[in-house]
Structures are given as structure tokens and as C-alpha cells.
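Both complexes shown next keep chain A, but they swap its partner, so chain B is in the first and chain C is in the second.
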Partner chain A sequence: MKLKIVISRIIPYLLLILFTLPIIIGYVWILISTFSTRTYGLLPVDKDGKFGGFTLSNWSFLFEPEIWIVTFNTLILALGLTIGVVIVSMMAGYALSRIKFPGRKAFLSLTLILHAFPTVTLLIAIYFVLRWIALIPVLGRNIPIIGGFGYNTLGGVILVSIAIQLPLGIWLMKGFFDEVSWDMERAALIDGCSRFRTWWDVMLPQIKPGIAALSIFSFIQGWGSFIIPYTYMVNASRATVATYLNNLLSETAPTNYSMLASVGLFQLLPVLIFYIFTQKYLLSIFAGGVKGAA
Partner chain B sequence: MRKWILIVIVGIVVIAVGVYFLVPRIKKVEVEGPREVKIVVRAKGTATEHWKADCFDEAAKVLNAELKSEGDNRTVVIEKMFDDPDWGDYVRSFVMAADAGIAPDIVLGGHEHIAVYSTAGYIMPLADSVSEIKGMYPEFDDVIEGLWDSCQLRGKIWAIPQDIEARPFYFNKPKLKELGWSDAEIKALPEKIRKGEYTLDDMIATAKEAIARGVVKPAHGYWHRPKRGNDFYQYYFAYGGIFYDPDQDKLVIVKDALEKWYAFQRRIVDEGITPENFIGTDWRIWHDTVSHGKALFWNGGSWQWGEWAKLYVKDEGGQDYLFKNVGYALQPPGVRGKSGGTLSHPTVYMVTTEKASGRGDKDLVVRLLARATTKELNTKHAVESTHIGILKSQADYAPYKEDRFLSDVIYMLDYNYFLPNHTMFSTWEDAVWEGMRASELGDRSPKDSAARAIKLLKSELGDDFIVK
Partner chain C sequence: MKVNLMNLTKKFGPVTAVERINLDIKDGEFVAFLGPSGCGKTTTLLMVAGIYKPSEGDIFFDGQQVNNFPPKDRDIGMVFQSYALYPHMSVFQNLSYPLLLKKRPKDEMKIEAQRIADMMGIGGLLKRKPGQLSGGQQQRVALGRALIKKPKLLLFDEPLSNLDARLRISMRGEIKKLQKDLGITSIYVTHDQIEALTMADRIAVIKDGILQAYTDPENLHDRPNTLFIAEFIGNPPMNLFDVEIQSEGGKLFANPGDGLKLAIPDSRKPKKTVKGRVRMGIRPQNIHIDSKEGFDTRVFLVEPMGRDDLIVCKVGNTDVHFLVDPIMRLKMEDSIKLKFDMEKSQFFDTETELSLLWG
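This part shows the complex of A and B:
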């Protein structure tokens, strides 16, 4: 009996270890590679193939201004995406959850369809929109930090990323608002609150875990974003960390995988740290529900 | 609350409309005195090809000194974009930027891009004739005469040559020796190919023998380029194919040559000298295999010699190792008696229009190009990346002459040919590539593939296309 209990407890762990091992090995390889001239499997080796060859030279990119430009851009993109998605999703999610208006169902269906569209199919159409936005004075190309909202600006990339991320955000927020009791809202309205105040003071505090989860999810999406900055920034290698990383890969020349691993780890670290501290909230996306549901 | 929302909305609309109509009418006041002219350069290449962009730093120094001495109040400032995306992404990025009016001032491209870019209005003509461009600056007069052909379209000169290359047929000398060839026979192979005495059929026979006798591993007798690219057209040319009829300004398929080319692609697989499903093999595997002497014959580019020396066999001795182990010749003909050949694909610098780049001062851009087209700068690029020089003066320029590989392969330019500058050439390429891929993979017979390619081209190109 005791043996059965032990086995039933051990087997899931063994299976989990077995399935996560390749991922763990991948991370270990990245870590080792960043401090080695080359690796043989997980073993750091020198140019003669013997154990050794430790170096810090793979981190030399940290002393180039380019990496800090792309890191700053990536941070702005991730923050802009997060703020944009959360604000619009909070408002749209509430309206779709609580207010009856013509076209509500159609809007919901269309949002879902947009979510199903692969980004790559929209690239050319979005390009024409961004090119048009770029012609608008000030808004198009003359905003500090983000450049503007037109083609070849960080703001344009943020705008497109928000649009592509919004369907998921709106549906998530709608799900969270659906879970909040009508009684609470009615009480607020009867007490004389306006719709806006009800939303702000009564409803939003109830879905804080959802807001936190969507913020984290959006930030991580923005941080790793590749295809949109790669397409809509002319100097793609100086756009974001992901495009900078891509620039280290050449079609024909051999790649310095140790350097690649270092930049990859540099990109990964903030996300890993962020994830460790916020995974509780992130999981509430999948669990759904209101405060405490996660 | 509603009142405030209304006021805010009306305010935003009024400001937006005002800005939209008023801002474009505010003219910038031209400032007298010193003025910086930003010239943006976009180029692509591997690490060994960095001079494609870096030459402009040196050229700008010369130009700025000239401007200063002339009392011109302008100073040139260079902004470079140099990376190595695949050609598709590179062209897409340029086209999108040009269409949005924010293209670089100078863009590097293949000469075949001239047709599309000029038709779209992205690049400007530099001169109305070869004599005119040669008269503009002494540097342009120094460009090898034949290269201007690749820069011409509709009677105008649209670009300045940047580099040129050959696509040699490489062979592994120790393996041929192991097969029983004498040193003299190995040394004579390039000359036999030049004279048309050693053909693609002979190459297949030699490779088969090497595999049968265990000199190389099966399917390591002949490795062509692993991915789509211009190199493949050399087989079409080897069997008598041509791309273009200049008299009629039409793209051409020579049916017999196309069928023979496709048959060759399948045959090298059937004979076991090239691996099955070879198309799509990673470039790094390809480079590693051929540079380390694991294949008997292969076809590559002259620029790859430099890549192998610096990036693949550096530890084994670089160029010394390559000279000891690797030989090079023209691409063998498919027909006995026909000279070997090589496809050259000059890369060129093009100057964008004011509309495409959003900037003026194009006189300075062209002058900067002239200052970058010098034997000193071009030789730095040629030697480091093993590309062939584009200037007549390089032939007597010591740093160029002293480069053994470049001196050895320069004769190949006497046997080279170019792709056509035709707006619809990419359609031609798409159709013949699909047929070639299907033939080599065995999806369709070579004859069937050729018939399909011709049918497709007839329907897509219509009057722009003829079959011979």
C-alpha cells in the first residue's frame, strides 16, 4: 500500500522531469555557451577541442551603444503595448460584458475573427495604413521617443501590436467582467454612481488579477515581438532586441552561437525574472474569474 | 460630464484639422551658412563584405575636404545600414521604404533590380549614355567598359558597378590525385574546361568513379548550390540557353537547353553523385563540407573563397590550405567544344529619387559615389571578400595584383555573361526555378517540367516572352 502511494507520487514527478529535461538542457546550454568560445554538447571546449575555453568576450556586445538603443526601444514597445492593450481592453471588455448596444454580437464575432488571422496575412494592408498615418503632421512622424505613429516609427509598431493583441485582451477582460456580480454594480448605480464611476471605482478593483495578468502577458509579448518591428522599421537591425538578435544570423556565413546565446540570454533575463515574480497573476488568465480565483 | 466629453472631442477635431491643413504650408526658412547633408547608404553582405558600406566613410572624408576647398557650405554626413538579411527581405524593406518616401539615398542591389526600381520611380537615371557617365568623373571613366552594360536600361545609365564575381567550378585536388590523376592533369583541367574539352558529362563520369572507388562518400561527387540562386542558370547556359533577346526586348527560353538542364539536375541525383532532396540544405553544412574536402566537385562563387579562408578553414591555414587543396575553373559546358563560362552578377549602387528618399542634394550623392569608386577602396573590398575588381586601374595596382586568387580568376570575366535587366525577369526566374526543383526532386520528369514552365511563362508574360 505504502509502495503504491510512493509510486503514484513519484511517477508524475518522473514524467514531469522527463518532459521538461530538454527545455532545462536548452537553458543550461545557453548559460554555458555564453561563457565559452565554443561548446561540444554541454561541455565548453577550446579551439583544440579540449575542456576549457572560458571567455567573457561573448558579452562584449554590452559595450556597444546599439544594444542599449534596441533595449530602450524594446522597453518602450513593451510598455506602450501593455498600456494600450490594458486601457482599451478594460473599457471594451466592460462595455461588451455589461451594456447592450446594436452590433454587440457582431463586434464580438469580428474581434474573434481578427484574433484568428495570422499577423503575416495582414502585413501589407497594415503597411498602407501606416504609410497613410505617416503623412499626418506631428502624429505621423514627429513625436518624441516613439517617433510618431506612422511607418518606420516605434509608435507605429506599438499601434499595430496593440491592434493585433486587442482581440485577446478584450475577450479576457470581458470574461473577467462577466464573473463580477450584477448586484454590486446595481447597488453602485442605485446609489447614484455614473457608468464611468461604477466602472472605475466598483468594477475595476474586482478584476485586478485579470488586469495584472493581461499586463504581464502583453509586456512579455511586446518584449519578444519580432515580425512587426522587423517589417515596419526600415533599419530593422536597430529596432528591437529580437531583430538585433536576428541580425546575428547570416544566411551564408557561420554564426557565432556563443554570442547569439549571450544576446538571447540578455533578452530572456528580464522576462524570466518578471515571470518568476508574477506567474501567480499570469496563471489567472487561464483560470479566469475574479479576485482570488487564481 | 457629457458636456465636457463633447468639448474635448470638438477640441481634438479642431486641432487635428488645423494641424493637417496648416503645418504643410509652413515653409522652412532656408538657413544660409554651413549645412549638413545626410546621405543614407543601405547595403547588405557578410562580415567580409563590410567595405560595401564602409567605403563611404572614406569617400565622405575626401568629398568634405573638396567641398571645403571649393567654399561650398555643405558637409556630408554618412548614415550606414549594413546587415545580411536574405535578398527577399532586403528588397522588400527597400521597396516599402521607397514607397513611403523614406528610402536611403544610395542602395546596393543586384543589377537586375534596376528594371523594377526604375519603372517604379524609386531610382534616378545618372546619365543618358556611357560616354556621358564616363565624362562626369574620372573614377567612372576607370570602370571596366563591359560592366556598363549591366547598368543600362532604356538607353540610360541607372547605376554604378560596385563589384563583380565569377562562379567557378571548384575541384578537390588531393581527391583527384587519389583517383589517379597526375599533377599535370589536375593543373590542365581549367584549360580543358575553357576549351570545351571537359564537359558536364565528363564531370559526372569522374564523380561516379570517385564514389565507386571510395575516394569520396556516396552522394559527395558533385554539390551544386544548396538553395535557390543565380548559379543554376549556368547549367542552362552550358546547354546553349539564353535569357533575353535584346533586339526584341523579350525574355527567352531555349526549349532544348531547358530540357537538358532539368535532365542534368535529375541525372546527378540518379547517378548518386548529389544527395537526394539536396535542395534546401543548410548553407553552413554546404560550406563546411566543400571547404573541408569532403566533396570532389562543387559549384560556388568566387566570393566564397574568402569566406572559407576566414570563416571555415582559418584554423587549417586559410588561403594556404585552400590553394593546396582546392582548384578552380570555369563552369564546364554541356556540349563538347563549347567554351566554359561563368555567370557574373554585378552588384551596383543606385541613387534614389527625391520622392523615394525625401531628400535632395543628389549631386552630392553621385559625387560621393565617384569618390567611393577608387582603386584603393574597391581593392580593399575585392581582396577582403574575394570579389573581382571593377576598375581598369586595379589590374596594375599592387595590392590587387598581389592577391593570387583574384589574379587567377580574372580571366573568367572574358567568358562571363549577365542576367537581363528586364522588369519581368523575376517571373521568368520563378517559373524556371519551380521546374528545376520539381525535376531534381523527381516530382516530375524533366520534359514535363520544361513544358509546364514554358506554358506558365507564356500565360504570365504574354508578348514579353518567346520560345526558341
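This part shows the complex of A and C:
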């Protein structure tokens, strides 16, 4: 009898371990290979194939200016995406949750469909849009730091990323706003708030966990995004960490896997650290999101 | 401030929540909106507050039409059933928020918040967050927040229904006293008739979005103008019988069943001459045990209610409820003699359900 219980407890764990093992081994490999000349399976080896060959040379990319350019770009992309998505979602989510206006239902289902739409299918259409934006004076390609909002600018990439992230953000924020009591909002209006002040002073503080979750989620999304910067930035090696990584993979022959792993780890580290401190908020995305969809 | 509602109507799509309500509230008056759940009390209140726009009709404050005024320009305070405090703000911030929005100086906010808090008996709790207060304390904060800007009109939406029975009774008295002392015109929504009857100067009874009666508690209780009011007001509810009114030698009699013939006193003679069946009502308080003049019946059921025992007897095929002193120790199947105090009887038309006594 007891044995049965023990077995029924152990089996799920065994299954979980079995399925997660390849991923864990992958991470372990990355860690080991960044400090080795070569690897043989999980074993670090030197040129002659003997155990050893520890080196820091894989991290030499840190001394090239390019990596810092792409890191800076990636940071700007992630921050720009986060700020854009959060601000628009906070307002749109509020409107969709609280205000009756014609087309509200249609808008909600449309954003849901957009969310399900694969990004890749839009790439060409968006390309033309960005080309067109690039023609606009100043806005197109003459803004410091982000370059502009047209084709082959960081701002253009941010704009597209925001657009693609927005449906999720709006639904999420709507879900969180739906949970806030109407009475509280009415009390604020009667106490003398304008609609905007109510939103800012009374509603937003109630959905702080949602805002935090969406911020973190968007930041991580922006930090790791590849396909959009890869498509709309001409010089991939000077775009973001992800495209830089891809560049290493395709342009250096033979591919230096250890260096690739180092850059990969370099990209991963901030996200991992970020995640450890913020996972509590990320979890609330799922709680709030599920309720919001109902 | 005087408040007038004229043909006030609110439709939510196909649903008419409030239909053509006409009401006038005098300056300083305390009016209760009483009615069953879903009858449109909150909807009416929110239209007065400016949260909902009326579909039709007008709202006047001191003679001025305020239909299109936003809530903040209406000079009102409101207390909600859910308290609706701002959980991220301290009690002090909650209380002083209306003043902050009026851009009053910091010092004034401090003084006023302390004064209101002391008045509400929560002076020592200013630093706490609403989540750290009991329900009763939270409701006091909500009341204080509604009062702090000295509004001309106070709106209450079932403010006491989340409190326990004892606290509810004491808060009832406090709110009433506060309202009288400050002289602020008030509308108080409730589905608890005791609350309405004890607190209000006048009661507006609403059913299915339609105003059924608007009068003072005594009139409502003693002179109900419709069958609905008669049944709805009073606890335990009024006993109702199908009776035939017969005239014999210039006197009128009602026959509730079992061959009984009850003489109708002159004061309760139906205004119109009625032929055939009518509804007769008599309150439990107006039925007594009378061993001399009463008619015979048996105790069918005894329900102890604390101060009184509620007795159920059968007259014809109608259950008759009335109250007796528990000292009498009545048991089921006991034989008793009952007397109806016909001076307190009510009569209603079976078809229109309107009172035959009070037009």
C-alpha cells in the first residue's frame, strides 16, 4: 500500500526529469563551453582532445565595440517596447474595460485575432509601411538614439514590436481593470476626480501587479526578439544581440561554437537575473489574464 | 438642497431599470428608497449622482437642471455598500482626498481630516490602510470621506448591509443623528424596511423600476395605498384574505371563511360601494386572543421569535399569523379564541390591487 503511494509520487517526478533533462543539459553545456577551447560532449577538452583547455578567450568579444553597440540597441529596444506597450495598454485596457463605445466588442475580438496572427505573415506588408514612414521628414530617419521610425532604424523596429505586442498587453490590462470594483471608480468621480485623474490616481494603483507583469514580460520579449530586428535592420551585426549572435553563426566559418555560447550566455544573463527577482509578478499575468479572458 | 426628479427613466438596452419616477425631496429631508432587489434603487441613485445619464426625464437640484453635470460638479457625497475606499491610500489620505482634489491647502486638509475622523470616532486610525480596519471602521471612513467636503446632498447605497446586526442598529442611529445635526439632504437606498421606517422622513417604495408610494413611514404602514405596499411593509407581513362584503341592515360585514362574519366599522368602510370579492388585510399586531368575544380556532404552528411567539392558525383555508407573549406557552393544537381588530383592517380591489380606503 505504502509502496504504491511512493511510486505514484515518484513517477511524475521521473517523467518531469526525463523531459527537462535535455534542456538542463543544454544550459550546462553552454556554461562549460564558454570557458573551454572545445568540448567533447559535456567534457571540456584542449586542442589535442585531452581533458582541460580552460580559457577565457571566448569572452574576448567583450572588448570589441560592436557588442556594446548591439547591447545598447537591445536595451533601447527592450525599454522602448516596454514603455510603449505599457502606456498604450494601460489606456486602451481601461477604455475597453470601462467605457461603452461603438465598436468595442468588434475591437476586442479583432485584437484577439491579431494576437493569434503569426508575425511572419506580416513581415512584407510591414516592410512597405516602414519604407513609407522612412520618407517622412525627421520622424522617418532623423531622431537621435533610435534613428527614426522608418525602415532600417531602431525606432522602426520598436514601433513594429509594440504593434505586435499590443494585443496581448491590451487584453491583459483589460483583464486587470475588470477586476477593480466599479464602486471605487464611482467614489473617485464623486469625490471630484476627472476621468483621467480617476484612471491615474485610483485605478492604476489597483493594477500595479499587472503593470509590473506586463513590463517584465515586454522587456524580456524585446530583449530576446530576433525576427523583427533581423528583418528591418540592414546591418544585422550592428542591430541587436540576437541578430549579432545569428551573424556569428552564419558568417564565421568554421563556426566557433564556444564563442557563440559565450555571447548566448551574455544575452541570457540579464534576463535570468531579471527573472529571478520578478517571477512573482510574472505569475500574476496568468492569474489576471485568465480572469480577463472570461 | 432641494432635489426634484421628473419622469426619470433609465433603459439598459431593452431593459427598463427605472421608469418615469417623479419625486421631490425637500431641503434637509432624509428620504429612503425602499424596494426588493433589482428594482432600480441603485440605478436611480447613480443617476442623481451623475454616474449614469438618464435615458429620459430630468433631475433638478434647487431648481437647476443638472442632467449634464459631471459628478464632481454636483456637490454630493456618497457612501457605498462596499465602502469603496482607496486601498492604496491611508485613512488620512482617503478622508482628505476630496479636499486634495479641490486644491485646498495642506493645513486645512490635516485639520479637517482630524475633525471628521474624531466626529466618526476613528481619530486614532488615520495612519492605517483600509485593509487594516474592521468593516464598521471602514464604513466610518467612507462616511467621513463623503462628509468632509460638506456636500449639499448625501447619497447612501445600502451602507449598512455588510455589517453585523448589532453594529447595523447602532450605525443606523448614528447616521440619522449626523444627518439631522448637519441638516444635509439625504437619499438612503435600502432593502431593509426597518432601516427605512426608522430612519427616513419619507420613503419611496420602488418595484420593477416604478415608484409605488412616496410618503412618511406612518402612512406607509397604516394607510397602504396598494396591495403591494401592504404586503411589503411590516414584519411579520400583513395577513390577507379573500372576502365577500355583505350589507345587512345598513351595516357591512366581511366573511374570511369558516362562516365568520366580521363587522366592518364605519372608519373602514370602502369608499366605493363594492360588490363581490375583495382582499382584506389585517396586520399580525391587530389580532389578539380574546376569550370572550373571539371566535374558535386551533393553533396550527408555533414559531418562537425571541420577544414574541409567532402563531399560525387557519381561518378558512388562509394561514393567519399573529404574535403572542411567550408566557402564554401556546402549543400546537391548543384551542384558542381570536379577535380581529377591525378598526385596523385594510381593503383592496382584487383586480386593480388598489386600496379601497385610501385613494
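The working rule: the second predicted complex is superposed on the first by the 265 of 294 C-alpha atoms of A that agree within 3 Å, B and C clash if a C-alpha of one lies under 4 Å from a C-alpha of the other, contacts with A are read in each partner's own complex, and residues count from 1 in each chain.
The definition used in the following text is that contacts are C-beta pairs under 8 Å (C-beta built on N, C-alpha and C of every residue); 3 or more make two chains touch, one makes a residue touch a chain.
These numbers come from a predicted model, not from an experiment.
K.L.:
Overlaying on chain A: chain B and chain C, fit or clash?
P.N.:
Pair status: fit.
K.L.:
One more residue to check, A:N247. First (chain B), second (chain C), both or neither?
P.N.:
The first partner, chain B, only.
K.L.:
Tell me the contact category for A:N152 with respect to chain B and chain C: first, second, both or neither.
P.N.:
After superposing on A, A:N152 lies in contact with chain B but is clear of chain C.
K.L.:
Considering only touches as defined above, state whether A:E64 meets chain B (first), chain C (second), both or neither.
P.N.:
It touches nothing on chain B or chain C.
K.L.:
If we overlay the two complexes on their shared chain A, which of chain B and chain C does A:A187 touch? Say first, second, both or neither.
P.N.:
second
K.L.:
Determine, for the superposed model, which of the two partners chain B and chain C contacts more residues of chain A.
P.N.:
Of chain B and chain C, the partner in contact with more residues of chain A is B.
K.L.:
Please work out whether A:K47 is in contact with chain B alone, chain C alone, both, or neither, and reply first, second, both or neither.
P.N.:
After superposing on A, A:K47 lies in contact with chain B but is clear of chain C.
K.L.:
Put simply, what angle do chain B and chain C open at chain A, by C-alpha centres, to the nearest 10°?
P.N.:
For this superposition the angle at chain A equals 150 degrees.
K.L.:
Smallest separation in Å between any Cα of chain B and any Cα of chain C in the superposed model?
P.N.:
Scanning every C-alpha pair, the shortest chain B to chain C distance is 13 Å.
K.L.:
Just to be sure I follow: which residues of chain A are touched by chain B in one complex and then by chain C in the other one?
P.N.:
In chain A, positions 194 sit in both the chain B and chain C interfaces.
K.L.:
Quick check: in the complex, which residue numbers of chain C touch chain A?
P.N.:
Those residues of chain C that touch chain A are 46, 49-51, 70-72, 74, 76-78, 80-82, 84-88, 97-98, 101-102, 142, 145, 149.
K.L.:
Would you pull the chain A residues touching chain C in the complex into a rising list?
P.N.:
So the residues of chain A in touch with chain C come to 181, 183-184, 186-194, 197, 202, 205-206.
K.L.:
In the complex, go through chain B and note every residue touching chain A.
P.N.:
The touching residues are 1, 19-20, 23-24, 46-48, 81, 83-86, 93, 96-97, 99-100, 102, 283-284, 287, 304, 307, 311-312, 315.
K.L.:
Please name which positions on chain A make contact with chain B in the complex.
P.N.:
Touching chain B from chain A are residues 47, 127, 131, 134, 136-139, 151-152, 194, 196, 231, 234-237, 247, 250-255.
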